[in-house]
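Paired with subunit B in one complex and with subunit C in the other, subunit A is shared by the two complexes that follow.
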Partner chain A sequence: MKIIKEIKISDNGFVFNSNTGDSFSLNSTGLELIQLISQEKEIEEIKEVFTTRFDLDELTFEKDFYEFCSLLKLHGIIARESTSEFN
Partner chain B sequence: MKKQEITLAVSGLNNTDNPGPGVPFIRGLKESEEFDVRVIGLVYENLEPGIYMEDLCSRIFQVPYPSSGSDDLIERIEDIHRQENIDVLVPNFDAELYSFMKNEERLLKQGIHTFLPTFQQFQEREKHRLPEFGKKYGIKVPASLNLGSLGQITELEDKFDYPVMVKGQFYDAYLATNKEQVKQAFMNISAKWGFPVIAQEFVSGTEVNVVALGDGQGNTVAAVPMRKQYTTDKGKAWGGITLADEKMMHLTRSLIKQTHWRGGMELELIKTQTGEYYLIEINPRIPAWVYLAVGAGQNIPEALVKLALGMEVKPMHTYKIGKMFVRYSYDMIVDLEKFAAISMNKEI
Partner chain C sequence: MTMEKSTYEKPVINKITAGVPSKFGLPVKPKYIAAIDGIAVSALIEKYGSPLFVFSEKTIKTTYADARRAFETRYPKVQFAWSYKTNYLDAICSVFHDEGAWAEVVSGFEFEKALALGVNGSQILFNGPEKSVEDLTLAINHNACIHIDHFDELYLLIELTRKLDKTARVAIRVNMDTGIYPMWDRFGFNYENGEAWNAINRIMLAEKLDLTGLHTHIGTYIMATTAYAVAAAKLANLYMAIHRKFNYWLKYLDLGGGFASKNTLKGSYMPGSETCPSFDEYAEAISNALISSEIPHENLPALFLETGRALIDDAGYLLTTVLANKRLSTGRRSMVIDAGVNLLFTSFWYNLGVYTSNPGSDQVEETTIYGPLCMNIDVVRDAINFPHVKTGDQLVIERVGAYNVTQWMQFITYRPNVVLITSNGNAHVIRRKENLETIKKQESKIEK
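This part shows the complex of A and B:
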């Protein structure tokens, strides 16, 4: 899963797609998630980070993670063809 | 380096909620590192805001509408030229372009340089010829039907599903969702802009635009793509942002290469959900948001003036992505004398 190269992520959670002109605001959790995805971390690594830090079971994490990824896909933030794993 | 002194005549000083490109064009030229510009403002109405803006124009002249005849307009320009010695003339309205294209040689003989599209370029991109244009240059365009009478609405309904865009040949566009709205739009537009009225298939997606400059030899001298972020009720951009869109750039370069476009242009495109681009309009002049291109690193007004003067211009390939413009309105307090002078003397 790859964030497309036109996406710029600011430290304050502002996400800008320079190809479409769309912009989005993320809260601190969303920002951390997208930063980990942009570093091309595997889902297992991201899950480890989140389940260790928060009172969160694996199933809930996965559900929220894939929902977040679906939103990223919907808004063209991750390449559409690279996301078949959560279609 | 000493700047070259030039006298520039510009129209389109109507910085209203439907702004002309004159004021941003002048602003770009005033930032030129090569030209020291003395500006002659050409206006049609005595309340065009550019008349009253401080430090914008050295002189202002009212000129007759092109509809009163090309000769009247050109003779007025020649009269102004005798007083002010114009080096470059930049017309900024679609409706006046025909008169200036027709008289390009006549003006040049007197030392007034222009840089305008050819008649063929101007005519083949007209809205009612867009389907042929798309076919000729391999660009997707919405299907359309030229309406000369209300009786053709049945034909329209056979061809398209609602909604449809109903457009005037020069200006105005309405979204119509049923027969009654098509009729209303047809009546409004034909009364103002004549025939044909163009009914265009509605293409759903995001409107994106490109401001570009062609050198007349097939080269793209400048091009900056933009998405409107905020529009007025007339659909005019009130805020916009530059994009990194290689497809739009490729489309622009391909079009300029094939048409050998000469002068400024604005491409209006719809980008669909599936990433296809439909050309909905080509404006044969620089748009009012041109200062965004200047701010993003491409001084298109300066490049256009250089081309008009026969100077070499190197193509500009880069611009800053994510640069925005935000328009605003501003109340100027002006003295009655200025209004009286332009109203009575037709010049300031």
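This part shows the complex of A and C:
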């Protein structure tokens, strides 16, 4: 999972896609999550960070993580995987 | 020392759309409803289940008192009649009757329900186009006020009263152009084309029909108070015409109901709570039209009112639980709750207010709220800015007191408990949740 190079993320939760001109806003957990994703950390690593920092169980994290990723994909923020792969 | 964990908020990303700014200005902290009349939503659901209808006796009484005050301070003789079809649960009707309201019914079933509650037959107004010979006989025998809808009913009454050798107290329903659309001309006799006047003349000739009043009901959810002024003026004209021709004063003019509640109609630009007229505004329009008509002050008739929706909508809540959060194929947020259109008939025409029961998240996202039915039409809100919630979170839908517990359907699932919180703060079940037995006892199998 890779954030495309045209995406710029500011420290206060503003996301800009220079490819399309779209902009987005994040809440604080959203910002933290997208920063970890942009560092190309794996889900297990991110889960560890989140469940340690927040009052949060693993299943809720997993559910919210995948929902967030599907929105990133929908908004064209992360690259779509190869078309041969079923997703 | 262990470090305390931070409160988690679901991560969200929202696309910023340039263009027309929100008409409601900057986002405010979402409203939530934690308790009803001092009882926590969670405690109500724990004890009585979810979904759950909750009514507030305190709100009913306050609303009714407000309506009475508005009219009684402007007009000398006012009588409210509780509109059964709006909500005919016994406990709810009883609150209105205890406060002095008569009964307004539109079927034999509702008539029987009012009698069973101890309402004196002479204090029942019998409206509607469907009155069978049995219904009319019951009404005549109980000296009810029968509001005649059409000529066939008028002639049936002439025949019945002769047969029974009894006098029936009657009024006619009058339909008229009050300048609003749609004009309800399917009920009653028309004013403008002289049909109402013809009906009055025929009644006055009948030996056993005692014409006691005139009735109109100009529509539903009427936001223009001027329409009521027009209606009152036209009834006043008929009232005076009757006096001039027959030297006879009727007892009452019934302006019906149709007052808007504070719910927001679909397609409205502004919320109903901002735009709906108050009881004072309706009262001012009606009373002023009657008092400034040519009716002499000493002969002013009693003013009957049958408002239902505006008296009960605010007193009813539906408590519900989040079953699931989902993303639609477009990425749009949606949510499934355990109460659907089977319980919320009014969701077809209102954008009902749905709220969380705790302060929760400040993050809102446009959401579609679906009910639990496996049916595509089961949409409680097609678009609402709603905070993020979890499965199991409890929500409150407000202003559902009118029509929902009469028009609800036993469809796919059972109808839930209905609770009334009395003025002293105690909750009582006033209609029990259905179960398999409730349904099965009405059915029979064909024995082979």
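By definition in this document, the second predicted complex is superposed on the first by the 81 of 87 C-alpha atoms of A that agree within 3 Å, B and C clash if a C-alpha of one lies under 4 Å from a C-alpha of the other, contacts with A are read in each partner's own complex, and residues count from 1 in each chain.
Everything below uses one rule, namely that a contact is a pair of C-beta atoms (placed from the backbone, for glycine too) under 8 Å apart; a residue touches a chain by one contact, two chains touch by 3 or more.
Computed from a prediction, not measured in an experiment: that's the story for all the values here.
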Item to complete: Evaluate whether subunit B and subunit C can sit on subunit A together after superposition, giving fit or clash.
Response: fit
Practice prompt. Could you say whether A:F68 touches subunit B, subunit C, both of them, or neither, answering first, second, both or neither?
Written response: second
Item to complete: Please indicate which partner A:L56 is in contact with in the superposed arrangement: first for subunit B, second for subunit C, both, or neither.
Response: second
Worksheet entry | subunit B versus subunit C, judged by how many residues of subunit A each one touches | C
Item to complete: For A:T20, select first, second, both or neither according to whether it touches subunit B, subunit C, the two together, or no partner.
Response: first
Response to the item:
Superposition result for subunit B with subunit C: lowest C-alpha separation, Å, rounded to 6
Discussion item. Taking the touch rule as given, give the residues of subunit A at its contact with subunit C in the complex, in rising order.
Written reply: 15, 22-30, 32-34, 50, 52-56, 60, 64-65, 67-68, 70-72, 74-75, 77
Response to the item:
Interface with subunit B, subunit A side, in the complex: residues 6, 8, 16, 18-21
Practice prompt. Spell out the residues on subunit B that touch subunit A in their complex, using ranges where they run on.
Written response: 206, 208, 226-227, 229, 241, 243-245, 271, 321-322
Response to the item:
Counting only contacts in the complex, subunit C reaches subunit A at residues 5-16, 325, 327, 330-331, 363, 390
